[in-house]
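Each chain gets a letter, A, B, C, D, E and F, in the order it is written, and its residues are counted from 1.
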Amino acid sequence: MSRIDGRTPEQLRPVTIERGWSKHAEGSVLVSFGDTKVFCTASVAEGVPRWRKGTGEGWVTAEYAMLPRSTNTRGDRESVRGKIGGRTHEISRLIGRSLRAVIDFKALGENTIVLDCDVLQADGGTRTAAITGAYVALADSITWAQGKKLIKHGRQPLTGTVSAVSVGIVDGIPLLDLCYEEDVRAETDMNVVCTGDGRFVEVQGTAEAEPFARDELNSLLDLAVTGCATLDTTQREALARTR
Amino acid sequence: MSRIDGRTPEQLRPVTIERGWSKHAEGSVLVSFGDTKVFCTASVAEGVPRWRKGTGEGWVTAEYAMLPRSTNTRGDRESVRGKIGGRTHEISRLIGRSLRAVIDFKALGENTIVLDCDVLQADGGTRTAAITGAYVALADSITWAQGKKLIKHGRQPLTGTVSAVSVGIVDGIPLLDLCYEEDVRAETDMNVVCTGDGRFVEVQGTAEAEPFARDELNSLLDLAVTGCATLDTTQREALARTR
Amino acid sequence: MSRIDGRTPEQLRPVTIERGWSKHAEGSVLVSFGDTKVFCTASVAEGVPRWRKGTGEGWVTAEYAMLPRSTNTRGDRESVRGKIGGRTHEISRLIGRSLRAVIDFKALGENTIVLDCDVLQADGGTRTAAITGAYVALADSITWAQGKKLIKHGRQPLTGTVSAVSVGIVDGIPLLDLCYEEDVRAETDMNVVCTGDGRFVEVQGTAEAEPFARDELNSLLDLAVTGCATLDTTQREALARTR
Amino acid sequence: MSRIDGRTPEQLRPVTIERGWSKHAEGSVLVSFGDTKVFCTASVAEGVPRWRKGTGEGWVTAEYAMLPRSTNTRGDRESVRGKIGGRTHEISRLIGRSLRAVIDFKALGENTIVLDCDVLQADGGTRTAAITGAYVALADSITWAQGKKLIKHGRQPLTGTVSAVSVGIVDGIPLLDLCYEEDVRAETDMNVVCTGDGRFVEVQGTAEAEPFARDELNSLLDLAVTGCATLDTTQREALARTR
Amino acid sequence: MSRIDGRTPEQLRPVTIERGWSKHAEGSVLVSFGDTKVFCTASVAEGVPRWRKGTGEGWVTAEYAMLPRSTNTRGDRESVRGKIGGRTHEISRLIGRSLRAVIDFKALGENTIVLDCDVLQADGGTRTAAITGAYVALADSITWAQGKKLIKHGRQPLTGTVSAVSVGIVDGIPLLDLCYEEDVRAETDMNVVCTGDGRFVEVQGTAEAEPFARDELNSLLDLAVTGCATLDTTQREALARTR
Amino acid sequence: MSRIDGRTPEQLRPVTIERGWSKHAEGSVLVSFGDTKVFCTASVAEGVPRWRKGTGEGWVTAEYAMLPRSTNTRGDRESVRGKIGGRTHEISRLIGRSLRAVIDFKALGENTIVLDCDVLQADGGTRTAAITGAYVALADSITWAQGKKLIKHGRQPLTGTVSAVSVGIVDGIPLLDLCYEEDVRAETDMNVVCTGDGRFVEVQGTAEAEPFARDELNSLLDLAVTGCATLDTTQREALARTR
């Protein structure tokens, strides 16, 4: 049985990570998971939020947004509506937590890195593409900050790698990396964030139609772990390329 | 080894569910998980949001909030700040999804039920207490609406029961139903929403300090499933009491 | 002639004041005037707003809010609407002024006490119940702060007691402590805030239907003064109880 | 003993009411109470708010605002801050209620009149000047609407006249119509809204420093009633002038 | 051919500039261009915005607003809507830039002058009347600040004079100082801000219906320069009058 | 004398217009003027805003925004701040007006086209690049709508072409198409929007430092007209390419 776009159940969409997409940002990436395209920038600033001052520790945070016409029908701008929707908040928080999971704040020193993940085109999996791309932008920005001596040498602020993928059950079959059409039809939908050593940073599973059983959960986790391992390789290859 | 409050790792805090706490609401519950106290009301209104009109299907949604002094130090009111924080949004959405998982919208007919979950006192696990209590308020409000003939007889809008509990790893040990002090110290924190037949509606696990391994995830899920089974019994007993 | 709930015109509803309703707040009270139930907390914080810094004087302020389903039909949350309505503002300001009337700010020192009055169930007279309950929470919080040496001994910050009651003319008859149904039908509606020695802190009378004459005003004031005297006793009894 | 500006305690400031101050509004007045100057316009629109549709009854509402430099030091614009302050809300509501007290909504028919009261210069008593001026603008707008046949003849929408004045106790002496300097020093401050026949529409007394006794309240009410009688004459004279 | 109000194409409406219209503001003017009336105040405050601190330079900014019934049909208050519209922002920014063009910030010292331009009655050309009037209020406020020694003598903060006028093409004919009815019908509309020596501070031309040719642009600029020269004289005469 | 990037004064930066940059939008373009990159989408929707219903005429509007890290230092998101800044409003309005200048609304029928112009990377001239790119996206979306029969054949909604360029005086020399560094140093800055036949849609000139003389204005207009003629060619070439 093949999927809507011809993939096998356990196959990722074509994933590309282009670095150096902005001349201003300290790290920047255009990441695509198939037709999902997210522009991720990492901005380094000296200093930390007030509640963290004097701790000697840095901070990493993220903001996610969708361009109004990144989707099939145009959505209102959140700036025009004057408030940020719940979904946006939730994803921004998820991205921030995911990347903080691989940061040694002491080694980062009192610096703040903001990851902006703006979805240029959406076709399912925008949050997982954002996390996967933001990791690469973050890594580049840390290298930049080390070059500028903002971050002291000796101790590496990045304690590991992190990537994310969606999995879901469609027509009873567990699938990896859902595109929009699959996502809409999924009975269960899960986003999984893994470190490069195969451990979990976030597991968020939701029954969209029917509650799911333990063995379904297990199948989905198996798929996700495999997917993240592949993404980890793609991230490493991207970072290995000379810009 | 015993916990801060003397419980064993797999023990829930004392859970109470008092029905009929409001003279106005169609369903209302004061739920407590130890010192966490959440006031849940279910408000039934005829009609549905615009995007659902004419479908013959109903809607269930939820709003979660904390009273400013429900916590140890007073927080700003979101109404005064003029916007709802990301955490509030996220939890409101979680509660709504969890309860919709056991609703047959066709059977509900074009009625809307709003679940308000206001935290009077917080000591960890406010979202799981809210889901557990809101289920009972929801059940009462459906009975009310059936009595008023707003909902037609013949088909039951509730397709199952739902409850939720938090689990986490503290000092390497998986614990059930974390209180605030445990929650703060947890390496991994997970909220699990189960139906009465032991299937999952939501699984949200977050590595607070260290990424977690698959076997840790499995231990936590085991604990959560047991906890939800106990909560399911408590819910049934509460609903069986004559008010 | 008896009232809708069997009271005589000059009779209060059953009034209860339960202290110690929150484990977090420095003072906390659940006050009920019949079916009107308001949860009042007093939060003590060191320091004062910027405009008062360096004066050696403290500050007392209040915030009033209604839970969405405290009323017969569910109201929108002000946090969701993104702004606070005029009525909420007006009542918050009234509560704050009323309690500041019995505070010696020098004796309080540069501390701030915030009184949160959240209406759990409304049946008329929510603002007067809030003032009456908040006074008790305030008194408890001051005792707490004296125990913690935040407030110096020698001079008592509370210069008196304060309570409040509504009065109104219904079908030509002046009534004390209107319940919701009476309030809706009142030709004139007045809220009166008195100190324990029978003087006035606030008098707010409004002609809802017909302008009112001087002798009607006088009858209402007579009723209110009596009502506040009774409330003063209830407050003292509540404060005399060992918690 | 004479006051800061040479008046006797029971003397109003010079009051002027100029009609026809706007070429656009259906009724418009520049009212001054000494240096307090308020620009009042009455805007008539066919139709009523949604909740009143089909009742055959009209509506009257008011909005009060201060220009940023109407006061001694410049205040922030509420439009710039993005929200309306509690004081503004409170006064807008007071003005609306006061004018609705002399309206027969059936006679008004399904028309809405909005009274805008913008303070050009403030020197105490802005809300009472606003009510007093708005009444005249309202009367002119009703005459206009009758001329345009928006309001049917036969039944007069205005059932009486209404004016307002502040009173207060300064250094133990009850004073009529406080200017800003007196207002700041007042121990007790009261705003009284009367109909032309000497009855009360609103009585709002506040202890600014010390609680006030019943006889003080009585003296203030006596003063206010006299003041409103004089304002009533001034309003009638203004309306009698040919524009 | 004569215009709607009998003027020739190159004629301004009657322009009046009344100084001293506020007892509080350091400079204040009621400016009228025919039926357009704008109340301009200049408020001087010591200190500058944060980003300018320590530079030794001052700041001048402006806020423009329309009273709700300054126009033919009542508009919503921006404070009630909770946000400032694009047009308001744009005009506030234009007024600020125009006046900053004739300020020597070093000579002003670290003082801020805020120009509030509130439209009391609108009949076209509100922004140009506002700039023309605000200049006079600004000049008066600088004189006041020099008298108070807030601004040091020796160097004049005002480096020139500035005024503004609208021009437009109606039925193919270039007209000076459009009233509302002309403005609505204009094919091209231009606002021009000139210094007293005939140079340009702002030129903002917009094709309302048809794109305009270079020679039309030239005719409009010619008209505007003449108009501003006349306004410059009116400003000088106003400032020469003893208040 | 050559410019910072080696251009002659009358030379544009390299301009590229890539069509088909979004799979969702009916028209989409990535336009670059040197390092300034703007992503423009045109979204077609049936129906028009309420005030235009039943007129048989369509509507075209625009929204401009900058990604937070499109600039050298990260700016706050307007969605996070909860309001849109004045500059954003002003530019959105300018883009909308510019494109409406070449639209025959009757021919468009009751359809709305929204142009979203999101700046991915800023280096001066973002609004002029946005207008230039948005025209091409608009043209593509109209072709699409004609193909879908949303727009009737027979009458062409586009009545001409439109492009825009900035000009300014730097060190006394008029320059075409300023990059950021030139823009910051410009004494006078002008944005000019022209139709393909060399007429003006908008002329917005601002004296940044010194007021400018008529002959300087003329030199700038000459430069701008030439620049727009070149851009017009680039637009036509882009539209001629098969996608």
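By definition in this document, a contact is a pair of C-beta atoms (placed from the backbone, for glycine too) under 8 Å apart; a residue touches a chain by one contact, two chains touch by 3 or more.
Chain by chain, the UniProt names read as follows: A, B, C, D, E, F = Ribonuclease PH.
None of these values were measured; they are calculated from a predicted model.
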item	value
Partner chains that chain C (Ribonuclease PH) and chain E (Ribonuclease PH) have in common	D
Identity of the chain that, by mean CA position, is farthest from chain D (Ribonuclease PH)	A
Rounded Å distance, chain A (Ribonuclease PH) centre to chain E (Ribonuclease PH) centre (Cα mean)	51
Mean-CA-position distance for chain D (Ribonuclease PH) and chain A (Ribonuclease PH) (Å)	59
Two or more partner chains touched - positions in chain D (Ribonuclease PH)	82-84
Order of the ring members, counted from chain B (Ribonuclease PH) so that chain C (Ribonuclease PH) is second	B, C, D, E, F, A
List of chain D (Ribonuclease PH) residues in touch with chain C (Ribonuclease PH) within their complex	83-87, 89-90, 92-93, 97, 101, 160, 190, 194-195, 197, 199-207, 210-214, 217, 221, 225
Of chain B (Ribonuclease PH), residues touching chain C (Ribonuclease PH) in the complex	22-25, 28, 35, 39, 41, 43, 45, 63, 65, 67-74, 77-80, 82-84, 88, 114, 116, 118, 120-123
